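Here's a structure for you.
Which chain is which? They are A, B, C and D, in the order written, and residues in each are numbered from 1.
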Amino acid sequence: MARVLLFGPLRDLAGWRDREVEAASLAALRGLLADEDADLGLALGGPGVQVAVDQAVVRGDAALTARSEVAFLPPMSGG
Amino acid sequence: MARVLLFGPLRDLAGWRDREVEAASLAALRGLLADEDADLGLALGGPGVQVAVDQAVVRGDAALTARSEVAFLPPMSGG
Amino acid sequence: MTIRLSETPFDPGAELTAFSRGRTETGAVATFTGLARAERGATAILELEAYPGFTEAQIGRIADQARERFGLHDLAILHRVGKIGPGEPIVFVATAASHRRAAFEACDFLMDYLKSRAPFWKKEHGPDGARWIEPSAQDHADRERWDGR
Amino acid sequence: MTIRLSETPFDPGAELTAFSRGRTETGAVATFTGLARAERGATAILELEAYPGFTEAQIGRIADQARERFGLHDLAILHRVGKIGPGEPIVFVATAASHRRAAFEACDFLMDYLKSRAPFWKKEHGPDGARWIEPSAQDHADRERWDGR
(Lines give C-alpha, C1' and ligand atoms only; values in the text may rest on other atoms or scores of the structure.)
Protein backbone atom coordinates (compact mmCIF):
# COMPACT_ATOMS: atom_id res chain seq x y z
CA MET A 1 0.00 0.00 0.00
CA ALA A 2 2.05 2.94 -1.26
CA ARG A 3 0.93 6.35 -0.01
CA VAL A 4 0.09 8.67 -2.90
CA LEU A 5 0.18 12.47 -2.52
CA LEU A 6 -1.17 15.02 -4.97
CA PHE A 7 -0.20 18.71 -4.97
CA GLY A 8 -1.55 21.94 -6.38
CA PRO A 9 -4.02 21.70 -9.27
CA LEU A 10 -3.74 17.87 -9.36
CA ARG A 11 -5.41 17.72 -5.98
CA ASP A 12 -8.30 19.90 -7.13
CA LEU A 13 -8.70 17.78 -10.27
CA ALA A 14 -8.71 14.45 -8.39
CA GLY A 15 -10.79 15.61 -5.45
CA TRP A 16 -8.38 13.99 -2.97
CA ARG A 17 -5.03 14.84 -1.49
CA ASP A 18 -3.59 11.54 -0.29
CA ARG A 19 -4.58 7.89 -0.56
CA GLU A 20 -3.20 4.42 -0.04
CA VAL A 21 -2.88 2.43 -3.29
CA GLU A 22 -1.60 -1.13 -3.73
CA ALA A 23 0.95 -1.17 -6.54
CA ALA A 24 4.37 -2.76 -6.98
CA SER A 25 5.71 -0.13 -9.37
CA LEU A 26 5.18 3.45 -10.38
CA ALA A 27 3.94 2.29 -13.81
CA ALA A 28 1.38 0.00 -12.19
CA LEU A 29 0.29 2.83 -9.90
CA ARG A 30 -0.21 5.19 -12.84
CA GLY A 31 -2.30 2.50 -14.58
CA LEU A 32 -4.53 1.97 -11.55
CA LEU A 33 -5.12 5.69 -11.08
CA ALA A 34 -5.87 6.18 -14.80
CA ASP A 35 -8.36 3.29 -14.81
CA GLU A 36 -10.25 4.95 -12.00
CA ASP A 37 -10.07 8.53 -13.30
CA ALA A 38 -8.99 9.01 -16.93
CA ASP A 39 -8.63 12.82 -16.57
CA LEU A 40 -6.35 12.39 -13.58
CA GLY A 41 -4.36 9.70 -15.42
CA LEU A 42 -3.71 12.15 -18.26
CA ALA A 43 -2.86 15.00 -15.92
CA LEU A 44 -0.33 12.88 -13.97
CA GLY A 45 1.58 12.37 -17.24
CA GLY A 46 1.16 16.00 -18.31
CA PRO A 47 3.96 18.43 -19.15
CA GLY A 48 6.13 19.47 -16.24
CA VAL A 49 4.63 17.01 -13.74
CA GLN A 50 7.42 15.46 -11.69
CA VAL A 51 7.21 12.39 -9.48
CA ALA A 52 9.03 11.93 -6.21
CA VAL A 53 9.35 8.54 -4.52
CA ASP A 54 10.27 8.87 -0.87
CA GLN A 55 11.00 12.57 -1.51
CA ALA A 56 13.53 11.91 -4.30
CA VAL A 57 12.56 12.91 -7.84
CA VAL A 58 12.52 9.89 -10.18
CA ARG A 59 12.30 9.67 -13.96
CA GLY A 60 10.78 6.62 -15.66
CA ASP A 61 9.58 3.66 -13.64
CA ALA A 62 10.46 2.74 -10.06
CA ALA A 63 9.71 -0.17 -7.76
CA LEU A 64 7.38 0.60 -4.84
CA THR A 65 7.21 -1.03 -1.45
CA ALA A 66 4.42 -1.05 1.08
CA ARG A 67 5.94 1.99 2.75
CA SER A 68 6.72 4.05 -0.36
CA GLU A 69 5.52 7.64 -0.51
CA VAL A 70 4.73 8.71 -4.08
CA ALA A 71 4.19 12.42 -4.73
CA PHE A 72 2.97 13.91 -8.01
CA LEU A 73 4.31 17.45 -8.34
CA PRO A 74 2.75 19.69 -10.98
CA PRO A 75 4.74 22.66 -12.31
CA MET A 76 5.88 24.66 -9.32
CA SER A 77 4.51 28.12 -8.66
CA GLY A 78 7.44 29.38 -6.68
CA GLY A 79 6.92 31.22 -3.42
CA MET B 1 31.14 86.50 15.04
CA ALA B 2 30.69 83.62 12.59
CA ARG B 3 30.64 80.17 14.13
CA VAL B 4 33.34 77.94 12.64
CA LEU B 5 33.05 74.14 12.72
CA LEU B 6 35.80 71.66 11.88
CA PHE B 7 35.18 68.00 11.06
CA GLY B 8 37.17 64.79 10.93
CA PRO B 9 40.96 65.10 10.67
CA LEU B 10 40.78 68.94 10.54
CA ARG B 11 39.51 68.94 14.10
CA ASP B 12 42.39 66.76 15.29
CA LEU B 13 44.88 68.99 13.46
CA ALA B 14 43.48 72.23 14.90
CA GLY B 15 42.86 70.93 18.39
CA TRP B 16 39.39 72.49 18.46
CA ARG B 17 35.99 71.65 17.07
CA ASP B 18 34.08 74.92 17.00
CA ARG B 19 34.90 78.56 17.65
CA GLU B 20 33.50 82.02 17.13
CA VAL B 21 35.57 84.14 14.71
CA GLU B 22 34.93 87.74 13.63
CA ALA B 23 35.14 87.87 9.83
CA ALA B 24 33.04 89.56 7.14
CA SER B 25 33.86 87.03 4.43
CA LEU B 26 35.03 83.49 3.99
CA ALA B 27 38.31 84.76 2.50
CA ALA B 28 38.91 86.95 5.55
CA LEU B 29 38.09 84.03 7.84
CA ARG B 30 40.57 81.77 6.05
CA GLY B 31 43.23 84.49 6.41
CA LEU B 32 42.61 84.87 10.14
CA LEU B 33 42.76 81.14 10.77
CA ALA B 34 45.95 80.77 8.69
CA ASP B 35 47.64 83.62 10.57
CA GLU B 36 46.99 81.84 13.84
CA ASP B 37 47.86 78.32 12.66
CA ALA B 38 49.70 77.98 9.35
CA ASP B 39 49.26 74.18 9.19
CA LEU B 40 45.52 74.52 9.67
CA GLY B 41 45.39 77.29 7.05
CA LEU B 42 47.01 74.98 4.51
CA ALA B 43 44.80 72.07 5.44
CA LEU B 44 41.61 74.15 5.06
CA GLY B 45 42.59 74.80 1.44
CA GLY B 46 43.72 71.22 0.86
CA PRO B 47 42.41 68.86 -1.82
CA GLY B 48 38.83 67.75 -1.37
CA VAL B 49 38.07 70.08 1.54
CA GLN B 50 34.61 71.59 1.03
CA VAL B 51 33.13 74.58 2.84
CA ALA B 52 29.50 74.94 3.84
CA VAL B 53 28.02 78.27 4.92
CA ASP B 54 24.76 77.80 6.79
CA GLN B 55 24.76 74.15 5.67
CA ALA B 56 24.99 74.95 1.95
CA VAL B 57 28.22 74.07 0.13
CA VAL B 58 29.87 77.19 -1.35
CA ARG B 59 32.71 77.53 -3.84
CA GLY B 60 34.92 80.62 -3.83
CA ASP B 61 34.27 83.48 -1.45
CA ALA B 62 31.09 84.25 0.46
CA ALA B 63 29.93 87.09 2.70
CA LEU B 64 29.47 86.18 6.35
CA THR B 65 27.14 87.68 8.90
CA ALA B 66 27.29 87.56 12.68
CA ARG B 67 25.06 84.48 12.63
CA SER B 68 26.79 82.56 9.84
CA GLU B 69 27.80 78.97 10.49
CA VAL B 70 30.92 78.01 8.51
CA ALA B 71 31.83 74.32 8.31
CA PHE B 72 35.06 72.94 6.86
CA LEU B 73 34.42 69.44 5.52
CA PRO B 74 37.45 67.27 4.72
CA PRO B 75 37.05 64.38 2.24
CA MET B 76 34.15 62.30 3.46
CA SER B 77 34.68 58.78 4.77
CA GLY B 78 31.22 57.49 4.01
CA GLY B 79 29.30 55.52 6.57
CA MET C 1 21.78 28.08 8.28
CA THR C 2 18.05 27.80 8.87
CA ILE C 3 15.29 26.93 6.41
CA ARG C 4 11.78 26.91 7.80
CA LEU C 5 8.19 26.78 6.64
CA SER C 6 5.60 28.49 8.81
CA GLU C 7 1.85 27.86 8.90
CA THR C 8 1.30 31.06 10.88
CA PRO C 9 2.18 34.73 10.30
CA PHE C 10 5.69 35.81 11.25
CA ASP C 11 7.46 39.09 11.93
CA PRO C 12 10.41 39.69 9.57
CA GLY C 13 11.89 42.14 12.06
CA ALA C 14 12.10 39.49 14.77
CA GLU C 15 13.89 37.23 12.29
CA LEU C 16 16.39 39.98 11.43
CA THR C 17 17.02 40.72 15.10
CA ALA C 18 17.85 37.07 15.76
CA PHE C 19 19.90 36.73 12.57
CA SER C 20 22.11 39.78 13.06
CA ARG C 21 22.80 39.37 16.78
CA GLY C 22 26.34 38.63 17.94
CA ARG C 23 28.02 38.80 14.55
CA THR C 24 31.39 40.44 15.09
CA GLU C 25 33.00 39.48 11.75
CA THR C 26 30.05 39.61 9.40
CA GLY C 27 29.99 43.21 8.20
CA ALA C 28 26.97 42.87 5.93
CA VAL C 29 23.44 41.51 6.35
CA ALA C 30 20.98 41.79 3.47
CA THR C 31 17.34 40.78 3.75
CA PHE C 32 14.35 40.52 1.52
CA THR C 33 10.75 40.31 2.68
CA GLY C 34 8.00 39.48 0.21
CA LEU C 35 4.58 40.71 1.29
CA ALA C 36 1.20 39.64 -0.07
CA ARG C 37 -0.19 42.46 -2.18
CA ALA C 38 -3.88 43.27 -2.03
CA GLU C 39 -3.78 44.26 -5.75
CA ARG C 40 -6.45 46.84 -4.87
CA GLY C 41 -8.93 44.15 -3.88
CA ALA C 42 -8.27 41.71 -6.72
CA THR C 43 -6.58 39.22 -4.38
CA ALA C 44 -8.24 38.60 -1.07
CA ILE C 45 -6.23 35.59 0.04
CA LEU C 46 -3.15 33.81 -1.22
CA GLU C 47 -2.84 30.10 -0.48
CA LEU C 48 0.54 28.43 -0.60
CA GLU C 49 1.11 24.70 -0.48
CA ALA C 50 4.44 22.98 0.12
CA TYR C 51 5.54 19.35 0.34
CA PRO C 52 6.91 19.30 3.86
CA GLY C 53 10.39 17.80 4.04
CA PHE C 54 10.84 17.80 0.26
CA THR C 55 10.37 21.56 -0.05
CA GLU C 56 12.91 22.38 2.68
CA ALA C 57 15.38 19.87 1.21
CA GLN C 58 15.12 21.37 -2.29
CA ILE C 59 15.57 24.89 -0.91
CA GLY C 60 18.50 23.60 1.13
CA ARG C 61 20.31 22.47 -2.03
CA ILE C 62 20.10 25.96 -3.50
CA ALA C 63 21.04 27.50 -0.16
CA ASP C 64 24.22 25.37 -0.15
CA GLN C 65 25.00 26.61 -3.67
CA ALA C 66 24.51 30.21 -2.55
CA ARG C 67 26.75 29.78 0.48
CA GLU C 68 29.57 28.50 -1.66
CA ARG C 69 29.10 30.82 -4.64
CA PHE C 70 28.93 34.02 -2.56
CA GLY C 71 31.10 32.99 0.40
CA LEU C 72 28.26 33.52 2.86
CA HIS C 73 28.82 33.29 6.60
CA ASP C 74 25.20 32.33 7.13
CA LEU C 75 21.72 32.52 5.67
CA ALA C 76 18.12 32.14 6.79
CA ILE C 77 15.02 31.41 4.75
CA LEU C 78 11.54 31.49 6.23
CA HIS C 79 8.53 30.81 4.01
CA ARG C 80 4.83 30.98 4.82
CA VAL C 81 2.50 28.21 3.75
CA GLY C 82 -1.29 28.07 4.07
CA LYS C 83 -3.63 31.03 3.73
CA ILE C 84 -2.00 34.45 3.67
CA GLY C 85 -3.85 37.76 3.93
CA PRO C 86 -2.93 41.05 2.20
CA GLY C 87 0.09 42.72 3.77
CA GLU C 88 1.30 39.55 5.50
CA PRO C 89 4.89 38.41 4.91
CA ILE C 90 5.19 35.46 2.52
CA VAL C 91 8.93 34.99 2.48
CA PHE C 92 11.95 36.28 4.38
CA VAL C 93 15.54 35.74 3.25
CA ALA C 94 18.60 36.95 5.16
CA THR C 95 22.23 36.61 4.09
CA ALA C 96 25.39 37.40 6.04
CA ALA C 97 28.78 38.03 4.44
CA SER C 98 31.96 40.01 5.03
CA HIS C 99 31.02 42.60 2.44
CA ARG C 100 27.81 44.05 1.11
CA ARG C 101 28.13 42.99 -2.54
CA ALA C 102 28.13 39.27 -1.64
CA ALA C 103 25.26 39.69 0.83
CA PHE C 104 23.09 41.56 -1.71
CA GLU C 105 23.82 39.21 -4.60
CA ALA C 106 23.19 36.07 -2.58
CA CYS C 107 19.86 37.44 -1.31
CA ASP C 108 18.84 38.37 -4.87
CA PHE C 109 19.92 34.93 -6.17
CA LEU C 110 17.97 33.07 -3.49
CA MET C 111 14.82 35.11 -4.12
CA ASP C 112 15.03 34.49 -7.87
CA TYR C 113 15.21 30.76 -7.17
CA LEU C 114 12.41 30.82 -4.62
CA LYS C 115 10.07 32.78 -6.91
CA SER C 116 10.53 30.56 -9.94
CA ARG C 117 11.60 27.04 -8.99
CA ALA C 118 11.02 26.29 -5.32
CA PRO C 119 8.44 23.55 -4.67
CA PHE C 120 5.41 25.63 -3.79
CA TRP C 121 1.97 25.69 -5.38
CA LYS C 122 0.17 28.96 -5.19
CA LYS C 123 -3.53 29.72 -5.44
CA GLU C 124 -5.11 33.14 -5.51
CA HIS C 125 -8.57 33.48 -4.00
CA GLY C 126 -10.11 36.63 -5.49
CA PRO C 127 -13.58 38.07 -6.02
CA ASP C 128 -13.96 35.95 -9.19
CA GLY C 129 -13.00 32.66 -7.53
CA ALA C 130 -9.71 30.82 -7.11
CA ARG C 131 -6.94 30.14 -9.61
CA TRP C 132 -3.59 28.38 -9.49
CA ILE C 133 -0.74 30.57 -10.60
CA GLU C 134 2.64 29.90 -12.18
CA PRO C 135 5.84 31.95 -12.17
CA SER C 136 5.75 34.99 -14.45
CA ALA C 137 7.99 35.35 -17.49
CA GLN C 138 9.82 38.00 -15.43
CA ASP C 139 10.40 35.48 -12.64
CA HIS C 140 12.00 33.06 -15.10
CA ALA C 141 14.08 35.82 -16.70
CA ASP C 142 15.27 36.95 -13.25
CA ARG C 143 16.44 33.46 -12.38
CA GLU C 144 18.19 32.97 -15.72
CA ARG C 145 20.40 36.00 -14.99
CA TRP C 146 22.47 33.69 -12.75
CA ASP C 147 22.97 30.87 -15.24
CA GLY C 148 26.51 30.70 -16.55
CA ARG C 149 27.66 33.77 -14.65
CA MET D 1 10.52 58.45 4.22
CA THR D 2 12.70 58.66 7.32
CA ILE D 3 16.37 59.58 7.60
CA ARG D 4 17.82 59.48 11.09
CA LEU D 5 21.15 59.61 12.86
CA SER D 6 21.44 57.75 16.16
CA GLU D 7 23.97 58.34 18.94
CA THR D 8 23.00 55.05 20.58
CA PRO D 9 22.87 51.41 19.40
CA PHE D 10 19.74 50.37 17.50
CA ASP D 11 18.08 47.08 16.58
CA PRO D 12 17.73 46.64 12.81
CA GLY D 13 14.94 44.11 13.39
CA ALA D 14 12.81 46.66 15.24
CA GLU D 15 13.31 49.03 12.30
CA LEU D 16 12.22 46.37 9.81
CA THR D 17 9.17 45.50 11.89
CA ALA D 18 8.05 49.13 11.90
CA PHE D 19 8.90 49.62 8.23
CA SER D 20 7.05 46.60 6.87
CA ARG D 21 3.91 46.88 8.99
CA GLY D 22 0.59 47.66 7.29
CA ARG D 23 1.85 47.63 3.70
CA THR D 24 -0.87 46.03 1.61
CA GLU D 25 0.37 47.13 -1.82
CA THR D 26 4.12 47.03 -1.36
CA GLY D 27 5.09 43.49 -2.30
CA ALA D 28 8.81 43.87 -1.69
CA VAL D 29 10.96 45.15 1.17
CA ALA D 30 14.75 44.94 0.91
CA THR D 31 17.06 45.88 3.76
CA PHE D 32 20.74 46.19 4.36
CA THR D 33 22.43 46.28 7.75
CA GLY D 34 26.08 47.17 8.02
CA LEU D 35 27.74 45.83 11.17
CA ALA D 36 31.06 46.91 12.68
CA ARG D 37 33.57 44.14 12.09
CA ALA D 38 36.04 43.28 14.79
CA GLU D 39 38.67 42.42 12.13
CA ARG D 40 39.94 39.77 14.55
CA GLY D 41 40.90 42.39 17.11
CA ALA D 42 42.45 44.93 14.74
CA THR D 43 39.56 47.37 15.26
CA ALA D 44 38.34 47.82 18.78
CA ILE D 45 36.10 50.83 18.23
CA LEU D 46 34.83 52.71 15.21
CA GLU D 47 34.01 56.39 15.64
CA LEU D 48 31.70 58.12 13.20
CA GLU D 49 31.16 61.84 13.02
CA ALA D 50 28.37 63.59 11.13
CA TYR D 51 27.39 67.22 10.62
CA PRO D 52 23.88 67.15 12.11
CA GLY D 53 21.32 68.67 9.79
CA PHE D 54 23.70 68.86 6.85
CA THR D 55 24.32 65.10 6.82
CA GLU D 56 20.61 64.22 6.87
CA ALA D 57 19.90 66.82 4.17
CA GLN D 58 22.61 65.46 1.88
CA ILE D 59 21.37 61.90 2.38
CA GLY D 60 17.84 63.15 1.74
CA ARG D 61 18.82 64.44 -1.69
CA ILE D 62 20.08 61.00 -2.71
CA ALA D 63 17.05 59.35 -1.12
CA ASP D 64 14.80 61.52 -3.30
CA GLN D 65 16.79 60.44 -6.36
CA ALA D 66 16.40 56.78 -5.37
CA ARG D 67 12.65 57.15 -4.85
CA GLU D 68 12.20 58.56 -8.32
CA ARG D 69 14.69 56.34 -10.13
CA PHE D 70 13.38 53.06 -8.69
CA GLY D 71 9.72 54.00 -8.15
CA LEU D 72 9.95 53.34 -4.41
CA HIS D 73 6.88 53.43 -2.20
CA ASP D 74 9.02 54.31 0.81
CA LEU D 75 12.49 54.13 2.28
CA ALA D 76 14.20 54.41 5.64
CA ILE D 77 17.82 55.16 6.48
CA LEU D 78 19.19 54.97 10.00
CA HIS D 79 22.87 55.68 10.63
CA ARG D 80 24.88 55.42 13.83
CA VAL D 81 27.23 58.19 14.85
CA GLY D 82 29.62 58.26 17.79
CA LYS D 83 31.56 55.28 19.12
CA ILE D 84 30.53 51.90 17.77
CA GLY D 85 31.70 48.55 19.15
CA PRO D 86 32.33 45.33 17.17
CA GLY D 87 29.12 43.66 16.03
CA GLU D 88 27.00 46.77 16.49
CA PRO D 89 24.90 47.99 13.56
CA ILE D 90 26.34 51.04 11.79
CA VAL D 91 23.75 51.57 9.11
CA PHE D 92 20.30 50.26 8.22
CA VAL D 93 18.61 50.91 4.88
CA ALA D 94 15.12 49.68 3.98
CA THR D 95 13.34 50.11 0.66
CA ALA D 96 9.74 49.30 -0.29
CA ALA D 97 8.54 48.78 -3.85
CA SER D 98 5.93 46.84 -5.79
CA HIS D 99 8.48 44.33 -7.02
CA ARG D 100 11.71 42.89 -5.70
CA ARG D 101 14.06 44.08 -8.45
CA ALA D 102 13.36 47.76 -7.67
CA ALA D 103 13.61 47.20 -3.91
CA PHE D 104 16.97 45.40 -4.20
CA GLU D 105 18.49 47.86 -6.65
CA ALA D 106 17.43 50.91 -4.66
CA CYS D 107 18.88 49.44 -1.44
CA ASP D 108 22.15 48.63 -3.23
CA PHE D 109 22.26 52.14 -4.79
CA LEU D 110 21.67 53.85 -1.43
CA MET D 111 24.36 51.80 0.29
CA ASP D 112 26.90 52.56 -2.44
CA TYR D 113 26.19 56.26 -1.95
CA LEU D 114 26.33 56.07 1.84
CA LYS D 115 29.63 54.15 1.84
CA SER D 116 31.45 56.50 -0.53
CA ARG D 117 29.96 59.99 -0.50
CA ALA D 118 27.73 60.60 2.50
CA PRO D 119 29.01 63.27 4.91
CA PHE D 120 30.54 61.11 7.61
CA TRP D 121 34.07 61.06 8.96
CA LYS D 122 35.27 57.76 10.26
CA LYS D 123 38.03 56.96 12.70
CA GLU D 124 39.24 53.51 13.66
CA HIS D 125 40.57 53.06 17.17
CA GLY D 126 42.76 49.95 17.12
CA PRO D 127 45.58 48.47 19.17
CA ASP D 128 48.08 50.70 17.31
CA GLY D 129 46.18 53.94 17.91
CA ALA D 130 43.56 55.82 15.93
CA ARG D 131 43.41 56.66 12.24
CA TRP D 132 40.95 58.45 9.97
CA ILE D 133 39.80 56.35 7.07
CA GLU D 134 38.55 57.12 3.59
CA PRO D 135 36.33 55.12 1.22
CA SER D 136 38.10 52.18 -0.42
CA ALA D 137 38.71 51.96 -4.15
CA GLN D 138 36.00 49.26 -4.13
CA ASP D 139 33.55 51.69 -2.51
CA HIS D 140 34.17 54.23 -5.27
CA ALA D 141 33.91 51.56 -7.98
CA ASP D 142 30.62 50.32 -6.47
CA ARG D 143 29.12 53.80 -6.57
CA GLU D 144 30.29 54.44 -10.13
CA ARG D 145 28.27 51.42 -11.34
CA TRP D 146 25.19 53.67 -11.16
CA ASP D 147 26.57 56.58 -13.16
CA GLY D 148 25.06 56.89 -16.60
CA ARG D 149 22.92 53.76 -16.21
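Keep this in mind: a residue touches a chain if its C-beta (ideal position, glycine included) is under 8 Å from a C-beta of that chain, and two chains touch if they have at least 3 such contacts.
Bear in mind the structure is a predicted one, so any value in this text is a computation, not a measurement.
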Touching chain A and chain C alike are none
Whole-Å separation of chain centres (CA-atom averages), chain C against chain D:
23
Averaged-CA centre spacing for the pair chain B and chain A, given as whole angstrom
76
Whole-Å gap separating chain B and chain C, where each centre is the average of the chain's CA atoms:
50
In chain D, which residues are in touch with two or more of the other chains?
34, 115
Set of chain A residues in contact with two or more other chains:
none
Contacting chain pairs - touch in the sense defined above
A-C, B-D, C-D
Please name which positions on chain C make contact with chain A in the complex.
34, 48-49, 51, 53-54, 57, 79, 90-91, 114-123, 132-135, 139
List the residues on chain A that touch chain C in their complex, please.
5, 7-9, 12, 52, 55, 71, 73-79
Per the touch rule above, chain D residues touching chain C in the complex are 11-18, 20, 22-35, 37-40, 86-87, 89, 98-101, 103-104, 107-108, 111, 115, 138, 142
